[in-house]
Amino acid sequence: MKNYLSILQEIREEVLPLLGRGKVASYIPALENVDSRRFGMALVTLDGEAFVIGDADERFSIQSISKVFTLALAFAKLGEDLWKRVGLEPSGNPFNSLLQLEYEKGIPRNPFINAGAMVITDVLISNFDHPKAAILDFVRQLSGIDDVYYDYDIARSERETGFVNAALANYLKSLGNIENNVETVLDVYCHQCAIKMSCRELAQSFLFLANHGIIPSGNTRILTTSQAKRLNAIMLTCGFYDQAGEFAFRVGMPGKSGVGGGIVAVIPGELAIAVWSPELNEHGNSLAGIKALELFTTKTGRSIF
Amino acid sequence: MKNYLSILQEIREEVLPLLGRGKVASYIPALENVDSRRFGMALVTLDGEAFVIGDADERFSIQSISKVFTLALAFAKLGEDLWKRVGLEPSGNPFNSLLQLEYEKGIPRNPFINAGAMVITDVLISNFDHPKAAILDFVRQLSGIDDVYYDYDIARSERETGFVNAALANYLKSLGNIENNVETVLDVYCHQCAIKMSCRELAQSFLFLANHGIIPSGNTRILTTSQAKRLNAIMLTCGFYDQAGEFAFRVGMPGKSGVGGGIVAVIPGELAIAVWSPELNEHGNSLAGIKALELFTTKTGRSIF
Amino acid sequence: MKNYLSILQEIREEVLPLLGRGKVASYIPALENVDSRRFGMALVTLDGEAFVIGDADERFSIQSISKVFTLALAFAKLGEDLWKRVGLEPSGNPFNSLLQLEYEKGIPRNPFINAGAMVITDVLISNFDHPKAAILDFVRQLSGIDDVYYDYDIARSERETGFVNAALANYLKSLGNIENNVETVLDVYCHQCAIKMSCRELAQSFLFLANHGIIPSGNTRILTTSQAKRLNAIMLTCGFYDQAGEFAFRVGMPGKSGVGGGIVAVIPGELAIAVWSPELNEHGNSLAGIKALELFTTKTGRSIF
Amino acid sequence: MKNYLSILQEIREEVLPLLGRGKVASYIPALENVDSRRFGMALVTLDGEAFVIGDADERFSIQSISKVFTLALAFAKLGEDLWKRVGLEPSGNPFNSLLQLEYEKGIPRNPFINAGAMVITDVLISNFDHPKAAILDFVRQLSGIDDVYYDYDIARSERETGFVNAALANYLKSLGNIENNVETVLDVYCHQCAIKMSCRELAQSFLFLANHGIIPSGNTRILTTSQAKRLNAIMLTCGFYDQAGEFAFRVGMPGKSGVGGGIVAVIPGELAIAVWSPELNEHGNSLAGIKALELFTTKTGRSIF
């Protein structure tokens, strides 16, 4: 086994000079007020070993990383039927999700663009009596942490100022791919994005994806082997907005980022790794986080390719 | 080691009923005249073992599979500078490569869409005195087969009727991302697409991508380890037109298809596999070929995820 | 002077066979329940003469024709400053107002596409304490009819089911071109579309545009001569969705249509003419109404060209 | 009658300060070398009176103004059948004629965007044995000037460097809306754009459009009354690239501009007017020319609205 701790230490040294070169997400005050110099990493292996460094135990807003949780929950519930309502292809254009929706008759390109994630949220609302509680329970089960919560201030703030999301949800409704009330979908969606977790908790909660769909501690199956592989494939092709191709090229791990500055990635059969640094690059991904993971695959020689 | 031959036989049994359900590419007569019922597969391992079935030794027009060869040659020559002229992101939209070019100021999204492949061809023309000979030499080196040739009838036919490609090349020229004469670029491009190879030869010629950039027989390094990983990443995210995400999802191997009905894919560290069946699905990929590779990963439990 | 009444009678004879070939707008029940066989026309001259035929005195939902009223009111209030927030160019594409908004940074192409009309409504909300009352007062002044009203059932129905409009308004807000609350804008907008008027009332209310901006009866100036000309120019280039060019080509009068089946047009210096027939063509314009106006310019030899 | 000469003199005084604020078209050397300070105007009435000022008798490259001539010739030949191959709607987007072609299956939006004009040229090639001679003969007939010629240097230069036009023509061919050889279409098209005429000659040659389709001198009918009206309607809605709406709004005359700096416009039943000033605004229209025509309608109170 590699000495992962010393590798994490090296990585931190090398990325520290990048802090200050990105921009913290500013569209809601709650995100903007985060200390931009924070940096943490956590790596957990299937054997149960954990390696952490920096602010790995400080919670932050997971934002779009939550889309992996809701997708896993919906996929487990509906199976392949899910793909009637959302596609599997990378989005390509940074600019025109609204056009794409029109062109593709309301079927979002994939479950990780906002439109696609809202359709997944709509699926959960149709399938669970208490969808907000169900999402939280699921994340607690995956992470093994009972006190994972929503940040209600962030959720409210996102709902009040999230005009693009409101536009998307209304547009999806007009195209017939939202079953529930638009307000309800936006409410649940803004809550799922406002979950707060630490690097350690996130890495822990993604381990089932590195383990054929089974949570290693406790041996609970969440997804079939095939489903877990498929979710990893979606993360690889679609997990980093319009930088997905470059992430696959430079890093080569399935993963998902959020505008809170978090990134989680897995190496199937081995480990999950999470990094947090609030400053973002022009694609909306953590600037230092992307670099840290690139260094990780370079230093360890590990990647799926 | 798996008994790959019996697996290939099982796969062939299961996909035979699909023959007749797709459509042979009809845009040039030379492709249309191929017997649509042909089916072949070849698997070669890093150890040098080969397993073949059906029409695995019959040559067909490799078409877009050639883009992997020209990309590897240009990447070896220019290194990371190559990415100043072509992007790394999946294309997303099936319909608007012309719009994308305009929006992205002449930088094609990736080297596997036609516009991107033409830029790569232009790079080769600028870097080799005899680009058509250089491409052929390179493919001969990779495959170890000396009599790989262009099909000049197909090349001429594509040049005479390829109005979309002519539009793309002229448009790239107007945007400043073609250095050489438009006619020259189209000529070389139409020739590279018209190379004829068999499944066995294709699988053999892709082995270096499963082997950290080194041709196993002879131990010749073509790309660095990092470059080979990166080329695999591009194949995974961009190798199957607008079905790339679905191929990653269902099959989970880096690969490349062509409208001649061929597909080649690799499992890094293990093997390369090629399949040929001329009938295409609505995305322009071999209908039975895609299914055959999906069955391969299902039956062997192998995939990069 | 032409005998306009006999011409209107001829026109009616000729368009009656078209009834049954279009489709009544079905997106809200209140519109769908209209008797599809209704047909009326009214022509009023600057001299005060009126010629009517058929259901010319039956009120219907004016829908997008209201955009001319709100534009005139806003133009009179703000003058040329208005064009900082909305453009003057025909929209061209039937399909992509959302994309256009993004591309043009929130400045709608013109005040007659829905996005542009919402911006105009937002202008009125910012400039009038009671915008809904102000709009109604203005229409009453133009038409000289005191009991013009909103149909509140239609307004409510449009608000509840108008998801595309809700998407547009939220998107405009996100791009910074809506000053007021999104809900308020949608509320006023849905009311203005739900005004009910007859052909006679509509023709009367458009006379000022044929008269250099002055209401002929009473001699009240609403717009300057230059502003009136300009509003006519906008109607000619943008008044008929993606059929504006064809309407200019076949009819050659500035005008505006609505999905309630109404159309109003003017010949500057002479007259205003309104027609109503609820069935629409594939562009959302009254099928028989367009034909009736084409016959009018053919039979009278009148057009601005 | 107005004293048009003194009005032209006033206009010239007022626009002279604008010279130096635009940019001469630079995409081919022959255009770039024109003296940017030139300014001429010519007004001819149906009665045969002519008023000229400045460089009204100097010839310049008419460029896109030629699209009116070829459209008139094709319209006279094919009548309404012409509209099966080209649309009548304003183009809207400045940026995406290539996308529009794809979306609209090869039918260009209107005959004045380059794609549409090429289809018209293709129509002429199919209908005349010697299309280049036929175009020249037609322009000579309209203008009454026998020595109107192509500038062969400009034609060649445009053919050699016109990569966007080559892209468009190839793309139209791929979509099935070019009948003849792509090279032939580009050759004729580049020649028609390279016709050289003076303001006086252009105004003279447009008089038939102000006169119900009849050349006043000699009384030759070129188009029917209805066709002439319709051609005027197309000029009004589509004659000024993405500034057509603004030109209708500010000027209010049907007209056509070219990147050589020329503009011709008509007031039906009265006159034709041409202006030349080589510097262009950001829309590709003559900066001083647009202003001069706006001043003309303001000072004379004339416009079609």
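Every chain is named by a letter (A, B, C and D) in the order it is written, and numbering of its residues begins at 1.
We adopt the following convention: contacts are C-beta pairs under 8 Å (C-beta built on N, C-alpha and C of every residue); 3 or more make two chains touch, one makes a residue touch a chain.
What you see is a predicted model; the values in this text were computed from it and never measured.
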Partner chains shared by subunit A and subunit C (touch criterion as defined above): none
Lowest number of touching-chain links that must be crossed from subunit B to subunit C: 2
Chain of greatest Cα-centre distance to subunit C: B
Between subunit D and subunit B, distance of the C-alpha-averaged centres to the nearest whole Å: 47
Mean-CA-position distance for subunit B and subunit A (Å): 32
Distance from the mean Cα position of subunit D to that of subunit A, given in whole angstrom: 55
Residues within subunit B bordering two or more other chains: 95
Pairs of chains in contact (touch as defined earlier), listed by label: A-B, A-C, B-D, C-D
Residue numbers on subunit D that touch subunit C, as the complex places them: 87-93, 95, 100, 103, 109-110, 226, 228-230, 232-234, 236-238, 242-246, 248-250, 252, 254, 268, 298, 303-305
Touch list for subunit A against partner subunit C, complex: 95-96, 98-99, 102, 163-164, 166-168, 170-171, 173-174, 182
